[in-house]
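Consider the two complexes below, in which subunit A is the common component and subunit B and subunit C are the respective partners.
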Partner chain A sequence: MTQIDSTTLNQWYVIQSSAALTPSQPRKTRLLGRDILAVRQEDGQATAWEVSTKGEQGQALPVRECYDYVWTTLGEPDGDIFSMPEFYEDGRRMVVCGIATVQTSPGRIIENFLDMSHFPFVHTDVLGAEPDTEVNNYKVNLRKDVNELWATECGFYQPKAMASATEGIEVDYQYRVANPFAAILYKTCPDRADAMDLVGILPQPLDETNCDIHYFMLVFDDVNSDQELIQFQQGILMQDRVILENQRPRELPLQRGAEITIRADAASIQYRRWIKEMGVGFGTL
Partner chain B sequence: MIKLYDYILSGSCYKVRLMLNILNIEYEVVPVDFYPGLEHKKPEMLALNPLGQLPVMVDGDLVLRDAQSILVYLASKFDDSNSWFPDDAAARGQVAMWTAFGGGEIMAASAARLHDVLNYPFDIDQQRKSAHAAFVILDDHIAEQEIMGLDWLAGGAPTIADIACFPYVSLSEDGGISREEYPAIERWLRRFMDIPGFIDMPGVLQHWRN
Partner chain C sequence: MTSQSNWIPVSGSGDLAAASARAVVLPDHDVVIWRTKTGAVHAWENRCPHRGMRMSFGQVRDEKLVCRYHGWGFDEEGQCQNIPASPNAAAPPTACIKTWSCTEKDNLIWVDVSDESAGEGSAMSGDSDGVSSLMFCKSVYTDGDLDKVLALVGSARFLPLGYDGDGRDLDWSMTDLPDLVGDAIQILVSGAGSDQIVITGHQARDGRCGLHIMTPSTGDHDLDRQRRLHYSKWAKRLRWSLSNPDAAQDGFSVFS
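Let's look at the complex of A and B:
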């Protein structure tokens, strides 16, 4: 594999949920094309190391546990894992939805997550419905102080916006791309008008065109069980998976004019520009 | 009311949901955290199905496992038209044969999907090969039926055999199994999606059918 760019190398990546990593269940996986092994020690500490091509234990990797996930890096991150203060709010439920394996690049996954225009066609009668296919003229901002990309004022009519929604509502969306390969959606909470529910996707790039997507919901919801919330979100992700695996090339094209864009793609355009400026070469063309 | 212990991404549970919806039967869904929770392997669910599999259907005192068996039960009890599981001996034999195919050979496509989506440790090449072998047999059979003017697996009307085969055939691409080589299957899938009461599930591309 070609040299991995430093931006990609110096990120924290989720490699397993905290709950799923137990002393009896190590996780043998890959990150950025390298074999790694995550192990929960008997004393409770999460550890990880590289595994050589011969299967021997290699270099120990830094490990953090944060937001009910186990994170590691193959580089030297400038900062900490992105902040998500909502995780600590009283009354919110963190629902870890598992891992979905998708044959595509991490950039394609983030871009699809940001794209509202596919809702009526891919998530029919759930996140969208014809003829209400109009995407509002939302705003995209690069917040230079934190180096995060935000899309705001994304209003959209949704027949069943969240698991707890019983009728269609006009949903307010905000997207936050906290680093090139981590994105969080903030959307109107059907239960509490003053609050936003969070849906996060944290692709673990196995290599340039294969990812394990770790995803979660962080919600106020007194109605639905975890089982119901998980199934709702897994259903949506499986619909996206079909689309993602059919996109060609699997890498995200960053050169000008590679794919025809329309106004509704503003977030996608900004995302591609932003990661290109940061020098992300991994999983892109 | 009928209770269905259900997992949204399970094609086998989807078979039961299809039948319930087509026959317009009211039912209650009990969502089971198949993944990541592995709830189907926990004592409460093992008490209902010692095989640790979904779906499980409960109707009063009756507890049934295995999607094919549940289809037989639902059609026998609720289908007034008697067409989904017909009485005629020869017809019923054919229906049972293709229903078993749906719960048997076709399940290689389910294994490939579990491997690709949820990382199940299956031999993916072997599963895909087995699925293709089953699809060849299915495609040939549908083509022969069509020549005789029959649109469905076991005759001129859809039966539980079609329901038993539909989910994992239509979800095959989730497991990296292309259907490009099977034009008769594609025609049958499109006909199936026009059955009154049809519902989709994530991964079934209903809106692309035309």
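Let's look at the complex of A and C:
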């Protein structure tokens, strides 16, 4: 593999949920093309190592536990893991949905997550339906103080916006790309007019075109069980997976004009520009 | 056995239903072949210019091939005509898909992906000399280069319909069919049961190739149906035999 750019290298990546990493269940996995092993020690501490090509224990990796996930890095991150204060709000449920293995680049995954115009075609009668296909103008801002990309004032008619939705609603969305490989969606909470539900995707890039997507919901929901919420989100992700694994190239093209774009793709256009400026070469063309 | 023509037989006509699309993998091209509701066939690059989705996952609506991802609809010339996310704006002229010449002959779908192929069907010359109205029976895919596989197939046992021997008492001869465009062989079986099989095919990728098994029509509808079924079964047996060369002593292998 070619040398990995420093932006990609110096990120924190989720490698397992905290609950799934137990002393009896280590996780042998890969990150950015390297073999790693995550182990929960008997004293409760989460640890991780690189594993050499001969299968020997290599360099110890930094490990953090945050938002019910185990994070590590192969580089030297400038800062901490992005902030998500909603995690600490009273009454919210953090639902760790599991891992979806998808054969594509992390960039294609993030971009699909930011895209509303596929809802009527890929998530038919759930997140969208014909003839309500038009994507109204929305705003995309690069928040330079935190180096995050936000898309706001997004609205879309959804027949079944969340597991707890019983009828179609006009939902308000905000997208937050907290780093090149982590994105959170804030959407109208069907139960509470004053709050937004969160859905997050944290792709763990196994290599340039293979990812384990860790995904979660952080919601106010008194109706559905965790299992029902997970099934809903899993269903959405499985529909996306059919698309994601059949895009060519699997890498995200960053050159201007490589793919045709329209105004509804504003978030995608800005995302590509943003990670290109940061020098993200991993999983891109 | 190399043909001078750029036409490649990629599918049996009957394997592409009306208003449907299918992927075809050629050595250097990902192709989508699709058929309109009224029966016309088209061959395009299998990629939506918007976000790279394979068009073979799309559906045919109003004689347009509609991308599975965002519903962009492309007309028969490969030009995008509607973008549902932006229903009131005209699609940009750059939103088009590369098209290749595509035609049907002898119940096969033929594609020309050469640079000279400009979408306007370059005329398909050649006459299936001595082979009248071929019926398509079945396509099978197997490992190996097309030339080598076709040569190998020439040594297989052919078991005509209604013949219940083991094939060892039959004589057969294999000839190239230079006049049938593409790389094709004709197998004439004589002896206890006489019949004729025509096999053509195309190189795929990663050392694989596709074979199309055909046989001439007799004009008798019921008999033709039986013969198609018979040679479809034989084709499956051929595929098994090609992928299990070590089982050549097995009576099921057409090479035993």
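Quick notes
Going forward, the second predicted complex is superposed on the first by the 285 of 285 C-alpha atoms of A that agree within 3 Å, B and C clash if a C-alpha of one lies under 4 Å from a C-alpha of the other, contacts with A are read in each partner's own complex, and residues count from 1 in each chain.
The working rule: a residue touches a chain if its C-beta (ideal position, glycine included) is under 8 Å from a C-beta of that chain, and two chains touch if they have at least 3 such contacts.
Quick caveat, the model's predicted, so the values are computed rather than measured.
Once the two complexes are overlaid on the shared chain, A:Thr101 sits against subunit B while remaining clear of subunit C. Judged by the touch definition given at the top, the superposed model places A:Ala20 against subunit B, while subunit C stays out of reach.
After overlaying the two complexes on the shared chain, residue contacts for A:Phe121 are found with subunit B and with subunit C alike.
Touch criterion met: A:Glu228 reaches subunit B, while subunit C stays clear of it.
In the superposed model, A:Arg241 lies in contact with subunit B only, and not with subunit C.
Touch criterion not met for A:Asn10: it reaches neither subunit B nor subunit C. Residues 121, 242 of subunit A are contacted both by subunit B in one complex and by subunit C in the other. Every residue of subunit A that touches subunit B in the complex is listed here, in rising order: 17, 20, 96-101, 103, 121, 124, 212, 225-228, 230-232, 234-239, 241-242, 245.
Residues 30, 46-47, 49-54, 57, 67-71, 83-89, 92, 94-95 of subunit C are the ones touching subunit A in the complex.
Listed in rising order, the residues of subunit A touching subunit C in the complex are 111, 116-118, 120-122, 130, 133-135, 242-243, 246-249, 253, 259-264. Only residues 7-9, 31-33, 35-37, 39, 116-119, 173-174, 201-203, 205-207 of subunit B touch subunit A when the two sit together in their complex.
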